[in-house]
Amino acid sequence: MELTLFIIVGAIALISAALMLIGENAVYSALFLILNLLCIAFLFLMLSAPFLAMVQITVYTGAIMVLFLFVIMLLGAERIVPTVQSRFRWLAPAVVIMALVFLVTVSVALINGEITKTEPRKAEPQVRVVHALDGLASLDMYLDGEPVAQDVQFSAVTGFAPWRAGEYELTIFEAGADPASADALLDQPVTIERGKAYSLTAIGRVGAPGARLVAATHTLDFSDKKDGLRLVVVNALPGRASVDVRDEVYDEVLVSALAYGEAHEFELSKGERDVALYTTGSQRTPVSELPKQALDANTLVLWVFAEQRQPDNSFTDVVISLQDKAPTSFGSPTHIGRLLFTDYVLPFELVALLLLVAMIGAIVLTHDSQAPRQTVERRLANPPPGLEQSAPGETGD
Amino acid sequence: MDNFFDLVPLVVMIPLVGLLINLFAGRQLGERGVSIVAVGASGMSFVIAVLLWIAQVNTGYEAAVIDMPILSDWIVIPSANVTIPWAFRVDTLSVTMMLVVTGVGTLIHIYAVGYMHGDERFPRFFVYMNLFLVFMLILVTGNNFLMMFVGWEGVGLCSYLLIGFWFDKPGGVGWKNSDAARKALIVNRVGDFGLVLGVLITFWTFGTLDYYREGEAPIAHHAATDAEAPLFAPTLPGEEETHAVSGPLGVFNQAELWLEEGGHQVNFGMVSLSFETTLTVITLLFLLGVTGKSAQIPLFVWLPDAMAGPTPVSALIHAATMVTAGVYMMVRANVFYHAAEFSSFVVAVIGATTALVAGFIAVGQWDIKRVLAYSTVSQLGFMVAAVGVGAYAAAMFHLVTHACFKALLFLASGSVIHGMEHGHHHVSHGHSGHHDDDFDPQDMRFMGGLKERMPVTYWTYLFGTLALAGIIPFAGFWSKDEILLDSLKTGVDKGLLSGYVGFVLLVVAAAFTAFYMWRQVSLVFLGKPRHAAAAHAEESSRLMTWPLIVLAVLSLLIGFINVPSGFPILGWLLGEHQFTSFLEHSVTYAHAGTFSFLLATFAVLLALGAIYLARSVYSDRVLATLREDPLAINPRTQRAFALSSAKLYWDEFYFKYLIYPYRNAAYWLAEQLDWRFWHDYVHERLLRDPFNAATRALSGRVDKQVIDHSFDGLGHATRRIASRLRRIQTGYVHIYTMSVLFGALLVMILILLPLIRDWLGL
Amino acid sequence: MEDISLVTVVLMLPLAGLVLMMLFSRTEQAYKWAALVTSLVTFGASLLLVRNFDTSAAGLQMVHRVDWITADSFTIRYYVGVDGISLWLVLLTTFIMPLAILASFNPIKDRVRLYYIFMLLMEWAMLGVFVAQDLFLFYIFWEVTLVPMYFLIGIWGAEERIYAAIKFFLYTMAGSLLMLLAILWLGNEAGTFSVPDILAKLESGELAFSTATGRWLFLAFAIAFAIKVPMWPLHSWLPDAHVQAPTAGSVILAGVLLKMGTYGFVRFNLPLFPEASKTFAPYMAVLAVIGIIYGAWVSYGQKDVKKLVAYSSISHLGFVMLGIFALNPAGIQGGILQMVNHGISTGGLFLLVGVLYERRHTKLMSAFGGIWRAMPLYSGIALVIVLSSMGLPGLNGFVGEFTILLGSAGSSVLSWWFTFFGAIGIILAAIYLLYMFNTVFMGALDKEENKHLPDLNWQELWSLVPILVMVFVIGLQAGYFFEYMDGSVKELVDYVNGYVLSAAGH
Amino acid sequence: MGSSEVAVELYVLLSAVLFIMGAMGVVLRRNAILVFMSVELMLNAANLALAAFARQWASGSGHLVVFFVMTVAAAEVAVGLALIVTIFRTKKSIDIDTVHMFKG
């Protein structure tokens, strides 16, 4: 499917480029170029670079090409037929030979280069915060003092945010507390690696010995499974030392003997599921039940089984269930923006400066102080004979 | 009393301050102010030298090493173990030299005030004179060879500046003076080349350049038998170590220890020599330095020319002090020379030969100062020969006495020249319109009969002459006698050839000395004036005559400081070998000779005979009608006189075989080899043209099309190159882009080469 | 990102000054002064370098290291710092520049703005060469120095300036291309262009190349540097460039640019290719000694003062090369000090020649004579500088030459013949310098047009006085200067010799 | 690698073809504006390759470089077109063969 699309778009790109090159009329050439650029924008999309595609369309087709068209129109240079034979007739064959050599070289490199065999870099790690800590209305979470999320309500889950890989000290505070002065409610060292996403989950009950932080790990790799999805189950029930998760429709145990505070990740095929939680060994009454739900392929699913103590000291079950598309930051505007303002600030500013200079330069260049505007004649494709003669450097013949 | 030694930097500093004042404020101060500053500086230095001498005597001749204030160590390279400090050494040898330099220097400064009166660049002259004192004192007070070298080259510089002081005299004289100055410095540099190499080897042999370290006393081979055991018991440096390390000892004591131990091997760099051979090499290289500075064969040629400078300069630098630096250095390094027998022999032969050759040449000169110059060379030959035969004390003694009487002679000759100029001025002023261009106030042929016109000058000159000729009881007698005695003794006692050779040559030289000096006295002062200028000459001013008188007295008396043992009456009266025993504290191998009545009588009689001979050749009758020298007329001596007069064609020889070839080779190298061939031919034919040819081949068509109008056929070489280079830049965007693409493609292929190779299965 | 190091500050000051100058200066006068002030401020900042320098440490100091271009297989860094080897050369550069700028106040009347822009650009690039510790960065600065110099010669030079400029450019460029290849090869092998990193890898054995490779690389670097020095027989661009360049151009060329070559040998050739250095040391020393004698000899045959001084550079830098390839602390330290000395003395000589040229518009020695009479102040200063160049003890030239000879005499790779012939250079220097001094300054003032030459004006005087001061300071207190280089040079020598020993031990 | 994705080699090949087409345009066309457009084509070809490799190595840097290239291209076009306009004013032609002032 994608290949077909690629072939079609690529073909259009090639044809439009060729037409642009051989066109006699500059306006047509420009239009073909626009088409070509649009094709490339499309290819960008296919390469999961939506931002670039947008920029390509707005900047290139929108701004640059319009400028081209303006200039062509302004100069009246739509049609230009060479008045004299080129001096360099050997150029064309030479270029063709070079082009062939180039293409052969590139092909050889592509065939022998084994680009695809190189290990792709793993995706950037992602983190999110899950609040399942009973007795705390909302919390702030920090990794090495840097806020991950603030003011997270109980049973809420934040969206994935990209994070740098490394080892961190994970701490949570009561919402609004100053991490510098206040004591952390809980802390836990975690390791964040590339190619993984983490649901940083606070579980248990505030002040109780069982309260802890769990970094539930999702693997961000779907290359080997077509219809698979990854499911993470977290046992956040302080009272249940070990639970089983059963699928009631297929009557199979998805997870068995999940201890308190443990997160288990496993793969599942897509489909509809009706899941309940039992104390290990028992099949009688479910501890907790999930509503029936459909699980899609290529998603990350998180189930956190927790409880909340009511004012009357009874416990209510709280099940946090979430299904996300796998977080791909790659190519997105946020991703690019983040890179732009961190690692690439200097080049970014340089380019900005360059643009400014170019702008001023263009103004200065076109500002013709000597000649009044009106004298710019419309010189068309066929300049009157004699003009060629007056070009400097030619006078010596 | 110890603290007095700390004054030694002042000896150098005071003239330095003096010269700075005169340099920056000379114009404002006026002649009077400048003289006061310059003479004052020199005089204060002398006073301090005297204080140091007294301190020496009172502390039992203990040597001291004093660091330079203000400056810290000069060259320090920790990783190479190089430490060369700015440090002064006060010991009997350096104090002696200080006294001579500042004492004679002060007198000459005073004299110069009168002599230079009215000169346009009066302040500048005294700046140089003080600068000379600074360097000379650094030379003699420095505690290491490199500091000595500072002074060594510095005095050479002053000599250059002062010889060329009148560089702008009209009529070609200015150029002659400048050339003389340049000759002096370059010839000295040749000597310095040897000295530098010697210093380098010294450093790598001993790991230091210090003579002695602080608190270290000289030790001698036979120190054990000496009643006065060394105060300082040196610890032996690690002898097993194969390369020189900076040991705790100065060079001389290390040398002593190694000599005593025997069999020491010197290893540094790629050199490996026995210690004795090393010493021979070092001393021979030092000797090259000495021949330059102290005007010995083969480098003595600069000194006679150096008389182009003002007379006080000749007296101070080219007679009394600077030229004796070589002697001082060899005496300083007496430990080395004593150990290096072969070098000593060479030294003795060179010294004695120089003494004889210069004495011979002096006979044939007409210029009053030139005679004295050759006389100086000859006397320096005596001193060097003395070192060569191991008579270090005698060499120093002769140095001291010679400083007095030769300074006296030069100053007196300056007084004569002054008088002659005065007379000439008087004459040509009186008969305006008539003046002879041939007149030269220094030519003895124009003089005569000045005895009556300039009595003070005459008497002082006579004193100087007698001292130089070695007539008892004048100073020259004592010192020259000691040298002759020592060389004979070396020959007889030790059986060394150098002693015999030295003695014979020196005796003949002594006879020549007496002869040419009396010839000079006769020509200048006796008989009747031979020129109007001489007839109208006038005695010089007090400022000039007083130093003459003082020096004359010194010439008479200074010899008594070292009366030989066994001399009747005087020895008992004045003490025997005072000077030698004074020096012994710092010069390890200074030793005194016993007076030989026979030899002394022989020497005096020889001198008197030579004087008598001179008196008879240059009798009043001859002098009255002198046109040519009687020796030049006499067929028997004609040839010898011509040879002497032509200075043995020594200069001509150098010019023909060294200087012209060097210069012509320089022109050839500069113009033909470097410029025509290397610069033009190689560049254009071998580099540029093939490059252009290649370019043409690559872009033939472009070339053909563009060449016609971008090439200016009449352009000269430069423009041609420029336009040829331009040719590859046609200005056509196509060509540029094409080349860029081509280059990019090449780079790409280069990068992908391994892959392509795989693909092709290579 | 690390803190901005002082070295970066010094390096960027000329550039900052340049920008400010272009933004705010309007008149020619303003341009002159802005350039002067910038160079003076840079000099001041570089003095802080000396103050902050820790003489007990051997390695790089005040390092500033930022990744610049990161690729998978290599990294190019902005990596600057000073150690004992480069410190005084940085100082030399910042010292010479104000003098050169001051000396241009009067002579440069044409395209003033552009001139001072190039001057500051030049300073920036030269400083960059001396502080860069990344081969790639070094190469960039190395090439950048060519551009302003090319224009300085080509626009403000004498009659044959275009020829000289092109020749200068092509010769240096040709040499440095080889160096570029070697740099790329090294960077590719080592995965980094930073010299300290490469050295670390060499030492740990992570990076190793065969003896033959080492020698080829050595030669590739050596040719680039040798052309710059220039070593005999690659010197034929030098007289052209020197003679045609404007005074300040010659001063910079002789004062700093040539040092880039000798510095390159010490900085790159010795540590990177110790085995090759030791193998080639005698051959390099032969060229050095030939250079010493040949340069001095040819100088004596010149008729043009400026050419004489130009050729004397070949002789002086021969000494430097001799010292460097003695491969012992004394030789190398002497060499480094001699680089500074030569910069000061020969820079001074070119300033002096410039003064004469300004007045008479000729550089032929025969056109002068007796100048001392007409211009006493000028001649007095000239005397000191000539003497310093001649190596009079107590002045700077001597200390360098003596230490170099000391090193070469004690060198375990050079035979004593090198010292012997090197020392002959001392005699020959006196011959050509005194010939020059005598013909120009001494003798009778017999040419009418020379009789009323004005003495130094204030710009000329103040461009010469600092040189005079340094001549004495270095000459009298060389120990102070050696103290700063000692640690670094010792480490270098230990490394070179240690490497050779261990190689021989196998 | 997901089979649904098109192999990176294809993208690179496409980019190479586009690039060399652009190059041919630069060398062979004489209309300055067309030359310019060919340059744009080359730039885009390069961008395409960059984006493809960026995906391959899941590196954001590739995208960033593409972004910068685009920006620089915009600047370049602004200046370049300004130049063309200016040259046209003086030369009354935009045939680059008539403009060879870059001669050394």
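Here the chain labels run A, B, C and D in written order, and each chain numbers its own residues starting at 1.
To be clear about the criterion, contacts are C-beta pairs under 8 Å (C-beta built on N, C-alpha and C of every residue); 3 or more make two chains touch, one makes a residue touch a chain.
This one's a predicted model, so the numbers in the text were calculated from it and none came from an experiment.
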item: Chain at the geometric heart of the assembly (C-alpha centres); value: C
item: Chain B and chain D, separation of their C-alpha mean positions in angstrom; value: 78
item: Whole-Å gap between the CA centroids of chain A and chain B; value: 87
item: Chain A and chain C: spacing of chain centres that average the CA atoms, whole Å; value: 53
item: Centroid distance [mean C-alpha coordinates] between chain D and chain A, Å; value: 25
item: Chain A, residues touching no fewer than two other chains; value: 87, 91, 95, 98, 102, 111, 393
item: In chain C, residues with contacts to at least two other chains; value: none
item: For chain B, residues contacting two or more additional chains; value: 710, 725, 731-732, 734, 738, 741
item: Inter-chain touch pairs (all); value: A-B, A-D, B-C, B-D
item: Complex contacts: residues of chain B adjacent to chain A; value: 701, 705, 708-710, 731-732, 734-735, 738, 741-742, 745, 748-749, 752, 755-756, 758-759
item: Chain B residues within the chain C interface of the complex; value: 71-80, 82, 86, 146, 149-150, 152-154, 157, 160, 164, 167-170, 172, 174-175, 178-179, 181-182, 185-186, 189-190, 192-193, 196-197, 200-201, 203-204, 268-271, 662-663, 665-671, 674, 678-679, 682-683, 717-719, 721-722, 725
item: Partner chain D, residues of chain A touching it in the complex; value: 1-3, 6, 10, 13-14, 17-18, 20-21, 23, 26, 29-30, 33, 36-37, 40, 43-44, 46-49, 51-52, 55-56, 59-60, 63-64, 67-68, 71-72, 74-75, 77, 80, 82-84, 86-87, 91-92, 95-96, 98-99, 102-103, 106-107, 110-111, 115-116, 118, 120-123, 222-223, 330-331, 335-336, 339-340, 343-344, 347-348, 351-352, 354-355, 357-359, 361-363, 365-366, 368, 371, 376-377, 379, 383, 387-388, 391-394
item: In the complex, chain C residues that touch chain B; value: 160, 162-163, 166-167, 233, 236, 239-240, 294, 297-302, 311, 328-330, 333, 370, 372-373, 387, 392-394, 398-399, 402-403, 405-407, 409-416, 419-420, 423-424, 426-427, 430-431, 434-435, 438, 442-446, 476-480, 482-483, 486-487, 489-490, 493
item: In the complex with chain B, residue positions of chain D that touch it; value: 23, 26-28, 35, 96-97, 99-104
